[in-house]
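Letters A, B, C and D mark the chains as written, and numbering starts fresh at 1 in each.
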Amino acid sequence: MSLIRTDLALEAHESAARSGKPDGVVVEKFSRGGINVSRVKVIDERGEQAIGKPVGTYVTVETGKLDNVGGDEYNEAVEAVADEIKEILKKVGNGLVLVAGLGNAGMTPDALGPRCVKNILVTRHIAGELTKIEGLESLRAVAAIAPGVLGQTGVETGEIIKAIVERIHPAAVIAVDALASRRTSRLGNTIQIADTGINPGSGIGNMRFAINQETLGVPVISIGVPTVVDAATLAIDVLEGAGIETPPKDEERIRASIDPDGVSLFVTPRMIDLIVEHAASLAALAINRALHPGVSVEDINKLVS
Amino acid sequence: MSLIRTDLALEAHESAARSGKPDGVVVEKFSRGGINVSRVKVIDERGEQAIGKPVGTYVTVETGKLDNVGGDEYNEAVEAVADEIKEILKKVGNGLVLVAGLGNAGMTPDALGPRCVKNILVTRHIAGELTKIEGLESLRAVAAIAPGVLGQTGVETGEIIKAIVERIHPAAVIAVDALASRRTSRLGNTIQIADTGINPGSGIGNMRFAINQETLGVPVISIGVPTVVDAATLAIDVLEGAGIETPPKDEERIRASIDPDGVSLFVTPRMIDLIVEHAASLAALAINRALHPGVSVEDINKLVS
Amino acid sequence: MSLIRTDLALEAHESAARSGKPDGVVVEKFSRGGINVSRVKVIDERGEQAIGKPVGTYVTVETGKLDNVGGDEYNEAVEAVADEIKEILKKVGNGLVLVAGLGNAGMTPDALGPRCVKNILVTRHIAGELTKIEGLESLRAVAAIAPGVLGQTGVETGEIIKAIVERIHPAAVIAVDALASRRTSRLGNTIQIADTGINPGSGIGNMRFAINQETLGVPVISIGVPTVVDAATLAIDVLEGAGIETPPKDEERIRASIDPDGVSLFVTPRMIDLIVEHAASLAALAINRALHPGVSVEDINKLVS
Amino acid sequence: MSLIRTDLALEAHESAARSGKPDGVVVEKFSRGGINVSRVKVIDERGEQAIGKPVGTYVTVETGKLDNVGGDEYNEAVEAVADEIKEILKKVGNGLVLVAGLGNAGMTPDALGPRCVKNILVTRHIAGELTKIEGLESLRAVAAIAPGVLGQTGVETGEIIKAIVERIHPAAVIAVDALASRRTSRLGNTIQIADTGINPGSGIGNMRFAINQETLGVPVISIGVPTVVDAATLAIDVLEGAGIETPPKDEERIRASIDPDGVSLFVTPRMIDLIVEHAASLAALAINRALHPGVSVEDINKLVS
């Protein structure tokens, strides 16, 4: 396996595909309203080996410029993400959904999950009331939590979520997290939707306790947006962009040199505040649209603000 | 019972004592290093009736000016609060303690709990490691959580805490919350420590689900600092301060007029940001000192920052 | 003059009018699209004496509930405020406008001005470029500054603004500031637009250096939204709401008792964060609409975000 | 000149020195209390050419780990920075000093200046009063401003500072800004103090209007802390660290590939919030100590908090 570090199945597949099309992975690409969508299906163990992601489906939606909030392309991206979430939710039915915003609210690149959760339309305690007052179609019950990270709480994020799941019994969990991608050009504007939950080593917080159907007992949809790039990956990629080949032995040397303690140095652009704000709003709006398909974007904005 | 709204047992007792010393309540006052400390013990049902607080001990520590951080009086107040917490913890032994910061981090007067939790020295996951590295005496295991409020999560705060308690089995919980006091002069500089937990209707969030030994199954120490005053209470108090009597029937009229929907209008000074910051730091430092008596204030500051 | 403390000319006039219609003041009221608008004209010295505001025009626009962002009533309020600003700007022509956000960004009730400025479409340095790129009608040159308060900078706010005015020579200044009103029900949802600038003693920061045509040499439009109520005023008002008369001598006693040092105790509701956020967005959108009438609300939102 | 991008004279000199010791530059290194201090003196035009910095003195102080606030090494670093500032101030005498925090408070890596300014002890308006109340030696008059960046205000930062300088006539300006360094290991823990002010192209905001004695008419001390690394520089450096030579023609190719529009992509570690907080506190404390040598660290902390 390459030393390239990425949480996006799409990029992991691209890397693997250089030395020949990998077995056990199926990739479809299409576009809708100017938005590129890719669907990477890891169908068996060969696929898991090839790209380093568990069996399941990983969809990436690529939006345009970060500053185009509210434009046509932005709206299309929201609907594309919402449609993928709805597709996975079909198997779940109409029960309660728990949205979990992973990460550290006090560290900007890691704050995607907590900030997304702030914009989620939470209804578990008032669904009936809201439906009546606002003249809306019946709303799905939604709860939301930003549990914090191990360093803040002393408790694994997954343990806190499991405790809450055991108490409120949602039909599914949606876990939102910041990711590492290979390319800085993806930061803040590529959204990955997966039906496999969040697995050890993924996310920029390097989760150790999996947050998936196996650990929680209910389906877990993960929504991730890259906000950082691993520094060694950035260096290798910069070389490659300039047409300079890095032999694998150099890659190892590079990684050892930049990261002697085996602790990844993730880097992020100077514009990180804008990137996280944009991505958190987009992800929250898409989740809200998927969970309450009968409520318009305008009404969602009014109810959440 | 009077229409005066306060979460401080000391103020509730003062109100009640006007029409004669109430039965079932014992009050002690003393001072240490220039700091006033009062201990209100509600010893039976008569006391509960008289001052509207459950049987238990309520200690208030009054500090001086808000801006005197790090001065002698500040340090004495920290130690006074820490001593009261230690006293209650004696019965608990050395087990894990969960610190829960109640309230809404996004609403300044309500953010005391979440901000306090940010400054708690969390050790559950690294107690052994820290002890070795820093050459400290052995540290107590501490976890911390800021669960958010019902409107943010769709789940009662107490339910989230109960779920976590059932998972990590602490020996005790310390719940930190913003309170309402009768007098604006107390905001940010009076700390109440109680061994009764947090009971419905108390706190400015008007908790509905109790957070106490009965609901959680472990002792709950509550630490509260007033950050708001009820508007009707302020008005009645202003009159009183000016020597103008308000007959009970007028009090009712006042309350009905200011608060026709039965929803309290809590008010807070313009300086609220400073008040909350000061109170959250002081409460956190006192809790840290109580939980790790072998670690100096200086070392705590280094480890937390 | 009454002891009632308010920065709203409308409320000052109401107070004064109790003991008979004051001379030198003309009041018009009308409504547009469900929004109440009042225009108080202080036409001479008698009017100044009666209501304690300099000669000039003070318009108040009253919006509905705080949470109704983006609804019809909200949009109407934005346009009503924008129309009043445009009316005053007619005399100024098309030159550069400097928007100054007064107040302390670190104190929530005082942060209205700085937060408003964050949402201003600033174009002085890129007006030509933007016009071309976005296919917009030509944009007015706009600069914006949040100079901070005396306690933060050591320099009077008005002095900093004057220094910048002397350097960039705007045709007019729009000064945005948080105000004190008489009634809590007005907080965050009444906007006052005046052509008199900001005068000593007004605003919750108790400005000492006037920010008006006389001191700056160019017209100054002030936009204010109440975010606090004076505690003594609240008390007197609560009594009045309950039908209890306060004789003037009691008012004085009340004020002396609540505020012995002559330093006002301003109070604000627990929801202050929401109030300031809402008011700052509304004021900024109205200013943007007034300064760039050819740009739609949708385009403004895209360009500012 | 190399393609390596750095605002630290020390690193620029290291780069230049590879192809032989450059003329016109004198470097001294020493250590005090475990802290490394380097003094790079650019003495003439040859030195300017060699390292790309104007004639003047550039001192770098290197502190240890970021989390060691309040420890011995931290305190020594504070005093080392303070001593360098005092040295430059000797020529200025006791007059008013204006501290200017450059950068965008809303973009974390760029927020060093504004956050530093928040912790400056501002005395211009109260120096006499404070001296009396606190029993302190007489305090120097200090003003402070965070003027914002061109994109926020529409006015060049230097123009705003010049306008204020012309109004309040300080004896000197201290300008605090975030820098770009060559190595990520320096981020947040290397402080550069220079007597040359801030010159076009330096700082991560790419200032266009110089802030120096020539433009302001008074001496300008610049205090900078690196918070970002240029992405191409990072890549070249990673290679070098791994012992892989990059020929100059490849460097150009790398830069062209990573940065086709000539707009630098600055990157910063995931821990950027911690880095900026730490650096801003340290810089502020050092400035406070230099400006008020008679006030202890403890008293400064009390007066500022």
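FYI, a contact is a pair of C-beta atoms (placed from the backbone, for glycine too) under 8 Å apart; a residue touches a chain by one contact, two chains touch by 3 or more.
Labels paired with UniProt names: A, B, C, D = Germination protease.
Since this is a predicted model, take the numbers as computed values, not measurements.
Trainee: What's the overlap between the neighbours of chain C (Germination protease) and those of chain D (Germination protease)?
Mentor: Joint contacts, listed by label: A, B.
Trainee: Kindly list the shared contact partners of chain A (Germination protease) and chain B (Germination protease), in label order.
Mentor: Shared contacts of chain A (Germination protease) and chain B (Germination protease): C, D.
Trainee: If more than half of the interface residue numbers appear on both sides, call it same; otherwise different. Which is it for chain B (Germination protease) and chain C (Germination protease)?
Mentor: Since more than half of the residue numbers are used by both chains, the interface counts as same.
Trainee: Any chance you could check whether A-C or A-D wins on number of contacting C-beta pairs?
Mentor: So, comparing the two chain pairs, more contacts are at A-D.
Trainee: From the centre of chain A (Germination protease), which chain's CA centre is farthest?
Mentor: Ranked by distance of C-alpha centres from chain A (Germination protease), the top chain is C.
Trainee: When the centre of a chain is set as the mean of its C-alpha atoms, what distance in Å lies between chain A (Germination protease) and chain C (Germination protease)?
Mentor: Once rounded, the distance between the two centres reads 42 Å.
Trainee: Could you tell me the distance, in whole angstrom, between the mean C-alpha positions of chain A (Germination protease) and chain D (Germination protease)?
Mentor: 37
Trainee: Which chain B (Germination protease) residues touch at least two other chains?
Mentor: Residue numbers touching two or more other chains: 106.
Trainee: If you look only at chain D (Germination protease), which of its residues touch chain A (Germination protease) in the complex?
Mentor: Residues of chain D (Germination protease) touching chain A (Germination protease): 106-110, 184, 204, 228-229, 231-232, 234-235, 238-239, 241-244, 250, 253-254, 256-258, 265-274.
Trainee: Which residues of chain A (Germination protease) touch chain B (Germination protease) in the complex?
Mentor: Residue list for chain A (Germination protease) touching chain B (Germination protease): 106, 118, 122-125, 141-148, 150-155, 159-160, 162-164, 166-168.
Trainee: What residues on chain A (Germination protease) touch chain C (Germination protease), complex-wise?
Mentor: 67-71, 298, 301-302, 305
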